[in-house]
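Written below as structure tokens is the structure these notes are about.
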Amino acid sequence: MALISNRAGWASVSPALGWTLVFFVLPFAAMLAISFYPQDGSGFSLAAYTQFFASPSYYYALFNSLEVTGLVTAISILLAYPFAWILADVVPERWQRLALTLAVLPFWTSYVVRSYSWLLVLSENGLVNATLVKFGILSAPIQLANTRGATVIGFVHFFVMLLTLTIYANLKQLSPNYRKAAADLGAGPIRSFIHVVLPLTLPGIMVGAFLTFVLAIGDYITPQILGGNNELLMPQLIMMQIGRRGDFTSASALSIILMLVVTLAYLLCARWLKIERT
Amino acid sequence: MKDLVTIENLSRDFANTKALNDVSLAIKPGSYTVLLGPSGSGKTTLLSILGGFLQPSSGRVLINGADCTNVPPAKRPTATVFQDYALFPHMTVENNVGFGLRMRGVDSATRTARAEEMLTLVGLAQSAGKKPHQLSGGQRQRVALARALIVEPAVLLLDEPLGALDLKLRRQMQDELKAIQKRVGTAFIHVTHDQEEAMALADHVVVMNNGEIEDEGTPEKVYAQPASRFSATFMGESTIINNHAIRPEHITIVKSKGRLGSATVADIVYQGSYKRVLAKSDATQFIIRMPAETTLTVGETVQLDCASNHMIKLLR
Amino acid sequence: MMLRLTSSIYAALIYGFIFLPVFVLVLFSFQASLFPIPPFNGPSLRWYAAVLADKRLVAGLGNSILLALSTSALATVLGFLSAWGFARFQLPKSGLMRGLITAPLTISYLIIGMGLLVFFNWIGIPKSLIAVGIGHVVINMPLCFAIIYSQMGDHQANIERAARDLGAPEWKVLSLITAPLLWPAIFASFFLSMTFSWDEFVISFLLTRFDTTLPVEIWNLLRAGLNPKTNAVGSLVFGVSILMAILFEVFAFRKRPA
């Protein structure tokens, strides 16, 4: 089909391809390699991996990550869906863009700052404790920050926004005639939602849930700021290997394990979506 | 016979135009009414108001004597077949068809039986377990029809149901629609811009333009006695002279001087069973239907004639 | 109507939840006393002054801007060239190569950063802003490629063929026809890359030592606990982001083709 030689095409894609190979594939290979070859030069060893399965403090990090991420995903979807529905169906058309922009606005602070802001709300002397103590509801401040709960709140705050956007787009894409037909045949708004809207938006929710899972499980910032070191999640464990001990081998092995978990989730999700399509 | 549907002085404003302007109409039970008009004529707006998807700015809609103007679609005795069919993609054909009964609390066994009945009526009994995306356009149209008829509405509303089909399929579906309507006995109100479709299906044609009703009656009456210039040129073709309309098949070419005078042949279009001839005089453009074997040449001067009773006086 | 009422209450609660931390952030950036916690004594601009006087923060800001601009430009150019190459030529194993280029999109930044840390350590590239820059191009180029590639359909191809037919050499077709037609996609890619690079933390944290980006400097501030200075710099970033968004809206509207 091309009348000019493919050479121009190759020339055009080489820079991007080269960059990907050198700065993405090779580093990945290096990381893989170093996970099997500790830096003390003792040769091939699976120690970094067996260590993970052997020490509770290590594999609990993965369990914690999965639990927290699962919790965050479920809560965020439950909160975001009705919100997205309100923005798509209840808010008058001409205000929808503004309503969406407002919902996204607070996330234009940097991600680090946004997580820090929750500390301002949840810490011992922060807004919540100070207010509750002042009004006599509490006699002394309670531990809200540096807990799993704080991490979950911090994550949910972000992912409710993200899921609202994706579910909104999904809802908008749905032909209005489906709902009209359902109404015409006697379905009230609730039954129209259960029988028609929800099933048709389910694939979109699935994609959003997967996105949430992947982004949350790999996030270092939120758990570190809000969860502290009481309960470690995978990203924190990984960073600890580098920071404290300079142990690239362990860090690499843990990163690979994390990546495998995400890949597994991806395969499950893709399989589910394929089943949905038939 | 009492009217099934009465539309009283319906108006619908839209931005700075009137989508419907003081429209009044009566629909008889068991009739096949076609709302015919170009885009923007208000025919779809009228249908949407009848279905309850749109509120009129003023006026009333009465169905079986009851004022339904503010009644939501679910509670009206109407059912709509949408232009894109709007079949629920995640449900089987059978579940699609049974949906209306499910909303009415009918039990599963009865639903299945009734759905099978309706699918047999539209000729799709074997497709009950399929999903919409596995069906052709014509098949989907029939499922949409079955889904709407199963709830036994007083009136069935169809929004350009055959628009997405090719010519041959359209003709076939027209025959089927007519047969089903006669069989079921429900009043159909069918919106289209295709005047041939209107003539083939309707026993009551309503010609609309600019939010108003231009003409109304049986297809034979509207064709033979068009009330307005618009109606004369939209439903079939006409030559307009001095506020009179003459149908192409009523103009003849004669040897001696004709009532209509002389004209120059401008274009000859072969249409298989006839030739469509355009001829021009100083004042008028004539549209003439001639037998297929006629030999004429472009530029030739001819004398045109017609019987006096074929010159129809237009009211508007 | 019942639905309206419950919807309004629910929406208000969610909006409240969304705005709560930012509200607290901005409010206590104007704190007059030493801690960004109730009670609010103020307003005072002392912490904003402290931010602007903090050489490290200002340096970090400069570095972030520089990095965002340069890496976004590079990512966009690489993305554009590769999108063009794959869209207009029949290259063997095209699907595989395209998959490779978009693969980084599915990998967590932490892991990409880890890989680069190990790799650079091995081949002897020191921790620096350049190292971070390389990482930012790795994460943003796939995005640019995906966006621009999705816009290079048959319609575009026909216009380019017409230009070639009229005698334009390849590079002119590219610069005078292809690029301008793809302007919205190119702009969107650049803008998105800027956004991601500007706010990126993990890769910057892993690959820098002394000269670093704003998010990392803010992180360092966090070590000192709750500090209104952090509030101030956070609010500043917030304000600038809003300003950029407004400018983008205005700019995008002006640029709309007739």
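Just so it is clear, A, B and C label the chains in written order, and each chain counts residues from 1 on its own.
The definition used in the following text is that a residue touches a chain if its C-beta (ideal position, glycine included) is under 8 Å from a C-beta of that chain, and two chains touch if they have at least 3 such contacts.
These figures come from a predicted structure and were not determined experimentally.
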item	value
Touch-based graph of the chains, sorted into line, ring, star, complete or other	line
Chain pair that, of all pairs, has the most C-beta pairs in contact	A-C
Cα-centroid distance, chain A relative to chain B, in whole angstrom	54
For chain A paired with chain C, centre-to-centre distance based on mean C-alpha positions, whole Å	18
Centroid distance [mean C-alpha coordinates] between chain C and chain B, Å	55
Parts of chain B lying in touch with chain A, wherever the complex brings them together	51-53, 72-74, 78-80, 82-84, 86, 88-90, 99-100, 103-104, 147-148, 151
Of chain A, residues touching chain B in the complex	175, 177-178, 180-188, 191, 195-196, 199-200
Chain A contact footprint on chain C (complex, rising order)	3-4, 7, 10-11, 14-15, 17-22, 24-25, 28, 35-39, 78-79, 81-82, 84-86, 88-91, 97, 100-101, 103-104, 106-112, 114-122, 134-135, 137-138, 141, 145, 164, 170, 199, 201-202, 206, 214-215, 218-219, 222, 226, 230-231, 233-235, 237-238, 241-242, 245
Parts of chain A lying in touch with chain C, wherever the complex brings them together	1-4, 6, 8-13, 15-17, 19-21, 23-28, 30-31, 34, 79, 82-83, 86-87, 90, 102-103, 105-106, 108-114, 116-121, 123, 125-127, 130-131, 134, 157, 160-161, 189, 214-215, 217-221, 225, 235, 238-239, 242, 248, 251-252, 255, 258-259, 262, 266
